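Naming follows writing order (A, B, C and D), and every chain is counted from residue 1.
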Amino acid sequence: MLFWQILIDGFAISSLYALGATGFTLIFGVTGVLNLSHGAIMVAAAVAAWAASGNFGAGAYVGAVFGVVVALLLALATYYLIVRRLQLSRAVREEEKEIFILTATLLWGIMIQEAIAYLFTNNAKTVLPIVDGVVTILGVRTPANEIFTAFVCWATIGALWLFVNRTLAGKAVLAASMNPRGVTLLGIELSTVYVGVWAIYGALAGVAGVLLGMFLGVSSYSAGPLTASAFSIVVLGGLGSVSGSLIAAYVVGYLETLTAYLISPAYRAIPALLLLVAVMYVRPRGLLGRR
Amino acid sequence: MSAPAAKLEVSGLQKRFGGLTAVRDVSFSVHAGEILGLIGPNGSGKSTVMKSILGVERPDAGSVRVDAREVAGWPPHRIAQLGVGMVFQHSRPLHRQTVLENILLGLLPDRLLDLLPRAAANARARAIAERVGLTGVLNRRPATLPFADLRKIEIAKAIARDPQVVLIDEPFAGLTARETASFAKLITEMRDDGRAVLIVDHNVKSMSALVDRVYAMNVGEKIAEGTVAEVMANETVRKVYLGGALTTAARPEAAFADAQTPFLEIENLSVVYDKAQALEGVSLHVHEGEFVAVVGLNGAGKTTLFNAVSGLVPYAGDIRRQGKPLRGRTAAMIAREGIVQSPEGRELFGLMTVGENLDMGGHGLGDKERGERREWLFNLFPILKERQRQTAATLSGGEQQMLTIARALMMKPDLLILDEPTLGLAPVVMEQISKALERLRQTTEITVLLGEQNVTFALPHADRVYVLEHGRIVWEGDPSRFAAEAGAMYL
Amino acid sequence: MLRRALVSPPVLISLIVVLLAATLPLYVSGYVLGLLTIAYYFGVFSMAWDLLFGFANEVNFGPSFLIGLGAYTAGILDNLYQPPIALCIAAGVLASMIGGLVLALPALRVRGPYFGLTTLVAVLMLQNFVVVAASLTGGEIGLTIPDVISIDDKVNYWIALGFMAVSGAILYGLTRSPVGLILQASGQDPVQAGALGFNVTKHKLAAFLVSAFFSGLAGALMAFYLGTASVGTFIDVTVGVQVIIGAVLGGRRTILGAVLGAVFLVALGETLRPLGDLATFIVSAVALIVVLFFPAGLLGMVKGAREAT
Amino acid sequence: MAPYENAAARSAALRGSLGAASVALMFAIAPSAWADDPAPIKIGVIAEAQAVAGSSIPQAAQIAADEINAKGGVDGRKIEIVSYDNHSSSAESVRAFQRAVNEDHVNAVIGSYISEVVLALEPWASRLKTVFITPGAASDVITQNIAKDYEHNKYTFHGYLTSGALAGLVCDAAKDMLVDGLKMKTAVIMSEDAAWTGPLDAGYEACLPKIGLKVLDHIRFSPDTTDFTPIFNKIEASKPDVIITGVSHVGTQPTVQWKSQQVPIPMFGIASQATNSTFWKDTNGATDGVIYQGVSGPGVAVTPKTLPFVDAFSKKYGNMPSYAGYTAYDDVYIIADAIKRAGSADSGKLVDAMEKTDYVGTIGRVQFLPKGDPHVHGLKTGEGLITGLMLQWQNGKQVNMWPATLANGKLEFPSFVKIASGK
């Protein structure tokens, strides 16, 4: 019984982690940017969905879509207003661009977060779930929403996989992540690829955010922790390796669930952190890291 | 030169990187008051030797002795403290400090509690600056100095530590003729101070006036040792640098239709990488259907030239395609419009299969056309057909090179730029690629601009040849006349 | 070199500024003093961070790890046994320096974002520890520190100002001294530095220790000023972020600029307080604009203009 | 003499309660007031403007001040509220407190519903010798500190129930409603790991068995927990009749997941967020059936003053006050009353006057525990003083269930909750 509970709950939460981390690692893999406004964008998506379905009575579906759109726009804004500007900047020396982009996206994230807090207060909000009720699997009463979450996560990740591996446009993205120069030499405009990737990223973060809002609920406070968890998962899996972060997401997800069940909910986060530190010392490039 | 023990003695040096052996059984020694030149084309392993001496790389076998002390495997700073100084090719001074402070850095002891600089050090620094000719700019910041002065700072730093052994990496790269002379002077002065000097560079010519002895390497091994004259006369050396007897198949320039406005015209092209002059007043042209080879040693500026054409680096001067200037078009546009580069670094998509790499090349074509194109390339490079499903990273060097060329050809280029296609390839593989080019040249109307340091490979295909040296065109003409007229300056 | 540095404009100007600042208590309210007191401590945090980033070239996302160690060690000691305050502070500094070593180890192995993350993780670990070991650290409540150095705003203000001035002088002097040169060289190009005979590892370790020393000391002093230590004040990632932003804002690689940035942040945040939540929004917006359009930072702008000539 | 009649009318209306009458009379006999306009009494309010519980504090205080000023103030001195947003941070609160005292020269401070913040401010109240009262924090440590060193810490007052007291009130209600009413026998305690829950849990552990509820398990979770599935599963595994809650900072998650996971066990106890009128919307109605302790509720006339205050509040701000709103409103009156009696705003005198407070406010009759009590300066609770309420969310409304005298509805549970009566 307990075993199945851990298995099922762990799966749902892990899938959510996986989706959250995928976009984050995609952006790093292709554009080499660690976007620290990640969490804020996810929260924005959730709150937008909440406001649309709750305040303006748009209904669950419309709300969800609205949330994703908001995230997409924010992602593009992040690229055009901040990342691109710094990448092209001549005033900042190349070796310093990393820290600048980190700092800038961080500030941007805080701005989004504070704006949300100002407009919608910072109490936790729960997005109107699309599916309701519970189903019993192997004797475990599981909220339908939990299953729905896991399903949508995997559908989205699957769609991304198909796009990247089955379409020429997708392959261009993949190619850009391996060798941007090569892509340019083949007559493909990198800037176009990047915009596309940021759009995809926005959509992914949006879906993840909305699902999170339905599953666990979010508040503007969640922004920081969300970024941190995505960051650690991605590093654990190996920066830029999508498959790596998927695995890492499940390692972390189950580790947390196990701790919560077997030791105490209070210590939930700690083992994952310890594992992370261990990996950092033993194998700095992460589980499946290429770089 | 019968000095007692050598200041620097390398013997049986061996260094492996994964599978390939970068350096095999290299032995030489440098005595006080002697300059040894270590030469070799790209990939000959000379820089690995240098790194092993500095302690940056830890040799797998063999010994490195400084003043008869075994230092192999020591950390760099201890080797340095023992009296090994290094003049790096790329100067990276402290940008926020003055020239004086940069030189002072070289005089500082490696102590944590050394908070107050001693006046003596200051005087010493000024003296050194005087000697290398930086007195005028002592209180300026590096950012405001010309390239030559930056290099001088490097030399000053090295001298400051009063090393017994000095390693100098490509001392003349990016310098004008006049600057080259003054540098040569500085280096001879080091010798006269009784230091042991090791100069590392691509060819003998650049240092012929300077060195007492030369040690020539190729693919990780010694190929010759002796005086400049001896080495230049040495058969193996000549073969490596000039190739053996050549059969050329040049077509006369007049034979090409577009005699007045050639397909590609480059006029008075200059490129400067943060202060280093990479290209200076280069002019050349390629006719439609012509096969032009630009030969020059690594570092001569070939890649820079091609990158300028491909729109990857900013430049002064004009590059025209069929009379229309290319300036202002993005690199991708230029490629789409038919000037396609098969780059030196290959730039393959390592984790993608051969097939996928080709498809990326043909992304502009319709599915059907892409398929046909692929088939055509498969019978040009049959090996690629077998490897279709394999990822590019798992291919051998030769196969990767073929894939690079094939991928470029997928774009149906009007002009194909081949940058160092033979880099680090075994002779047999070169042969295969050479054959493929031959077939390409016979079966199609393709226009090719080839950059090579391997003359043996380049000349047979070429209609015309340019020799590039230190960013300048120093010779142009028919391949058959090359050895006779350009050989000397090339060695 | 040092002689030149001692009479250089930045030093003279800061000297005058400090002297003026010392007279503030004569004409500004206690509240403004309290505000500046905090700002000065943050100034030291930022300077210590800038030593690592700007000179050793190590991007430390966990300044609050060092700060927190200092503050909490000192606070807990006082809370348990009430020994002389000086002793508590010394203990805090020691703990923080040990923490500095712990941070340095990965720094010497991993680079770039990886090192950044290890430091970040260090912060999260400490945070979790504080929450879990609530009986010792006061956990979520925050730690009540029975003793304070003084309750007189003026005294507190002067202590903070003096401390900041001294730290600034030391750190600035350090970066201008020969070891500072070596440290910069090591940070900029380890291979070259090694080839010049400098033990890069040694110098970077030293830098971490110095940075930890000042972070810890400032943390401990601030704890004894506030009379309380809570995760939100000393350890939380956002604290570290504020420290970093302060340094970047003021102009990285300038040490003195860091103070400028930190004071600017705290002051701006305070003057905007009436706007409630919007305050933080505006502060980060301003910071972002500086980062985007004046990457050299406040002080950097001035210096940059001078260096370019 | 308009004020006189007016006041007389009021005093008549409020004759029932001594304290209140006395307050009213005080306003009546204030002839000196209008001569000149003396310096106002300044009350600093430090609160969490963005959190619902906190945002009511300055608003309610303002209403109280307006009312008092409308009556001519205290001895003609108007009451002025100076409010500060502390972003729920101790450090910012400390700064705000310093500003309030040193810069704005307030006579007393009302501050924060977060125990952590209050505990950070308490030493400053002592250092700056300024009367400080919290309308919402619950940690017993606050009053324990005063007991430990009365002379030094006497400036702090605890204007809300301590966790210990809350536990007691919950138990009283549980006895009537669960044990006697629903014949329940077993319970699991679920509380967040925070300052205020320590004594609360201790209280639960002590009193639940006494009233006949066996405590099967006790789960403390970190306030930043997001996924409660494991927790609820763990609880279900031990099959209790009821979950006794102690949650405040953690937000909507436990409630939302209680619903989405359809945990068949009712939740009963402290759930601060549930007291907010917006809680139904924040949880998309997941809170339906949740039973929580409160000091007041919509339409529940705990005292004659409760409803007028609620009306005034919702008229002015368009929403319901949070629990800390009621107490903040009362605290202003209490301070005004004390200053009046002390005849000066001198901190020392003010403390003595505050200790003698006997005032019927919106949540009951307010008296502070005397010096010597382990919870000195805490509120006295029990019959005739403050009993608190037990309310339940029922399709969008907060309905009061307990005490019976004030009840305005019957217990109703969502379908998925199985009441294990008489097991």
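Here is the rule we use: a contact is a pair of C-beta atoms (placed from the backbone, for glycine too) under 8 Å apart; a residue touches a chain by one contact, two chains touch by 3 or more.
A quick note: this is a predicted structure, and the numbers were derived from the prediction, not measured.
A.B. asks: Centre to centre, using CA atoms, which chain is the farthest one from subunit D?
C.D. replies: If we average the C-alpha coordinates per chain, B ends up farthest from subunit D.
A.B. asks: Identify the chain pair with more contacting C-beta pairs: A-B or C-D.
C.D. replies: When the contacts at A-B and C-D are counted, C-D has more.
A.B. asks: Please tell me the distance, in whole Å, between the geometric centres of subunit B and subunit D computed from their C-alpha atoms.
C.D. replies: Comparing mean C-alpha positions, subunit D is 78 Å from subunit B.
A.B. asks: What is the distance in Å between the mean C-alpha positions of subunit A and subunit B?
C.D. replies: One centre to the other, that is 44 Å.
A.B. asks: Compute the distance, rounded to whole Å, between the mean C-alpha positions of subunit C and subunit D.
C.D. replies: 40
A.B. asks: What whole-Å value do you get for the distance between subunit A and subunit C if each is reduced to the mean of its CA atoms?
C.D. replies: Once rounded, the distance between the two centres reads 32 Å.
A.B. asks: Among all residues of subunit A, which ones touch two or more of the remaining chains?
C.D. replies: 117-118, 266
A.B. asks: Identify all positions of subunit C at which a residue touches two or more other chains, and write them in rising order.
C.D. replies: 276-277, 280
A.B. asks: By the touch definition up top, name every chain pair that qualifies.
C.D. replies: Listed by label, chains in contact pair as A-B, A-C, A-D, B-C, C-D.
A.B. asks: Which residues of subunit A touch subunit B once you look at their complex with the stated criterion?
C.D. replies: Contact set of subunit A toward subunit B: 168, 171-172, 174-175, 178-179, 181-190.
A.B. asks: Which positions of subunit C touch subunit A when the two form their complex?
C.D. replies: Within the complex, subunit C contacts subunit A at residues 53, 59, 105-106, 109-110, 112-114, 116-118, 120-121, 124-125, 128, 132, 237-238, 241, 244-245, 248, 276-278, 280-281, 284-285, 287-288, 291-292, 295-296.
A.B. asks: Which positions of subunit A touch subunit D when the two form their complex?
C.D. replies: 1-2, 5-6, 9, 13, 54, 117-118, 121-129, 132-134, 140-143, 145-146, 216-217, 219, 222, 225, 256-257, 260-261, 264-266, 268
A.B. asks: Which bits of subunit D are touching subunit C when the two form their complex?
C.D. replies: Listed in rising order, the residues are 49-50, 84-85, 87, 89-91, 94-95, 98-99, 102-104, 115-116, 119-120, 122-124, 127-128, 139, 141, 145, 193-195, 222-223.
A.B. asks: Write out the stretch or stretches of subunit A touching subunit C in their complex.
C.D. replies: For this pair, the touching residues of subunit A are 34, 82, 85-86, 89, 91-92, 96, 98-100, 102-104, 106-108, 110-111, 114-115, 117-118, 224, 228, 231-232, 235, 239, 266-267, 269-270, 273-274, 276-277, 280-281, 284-285.
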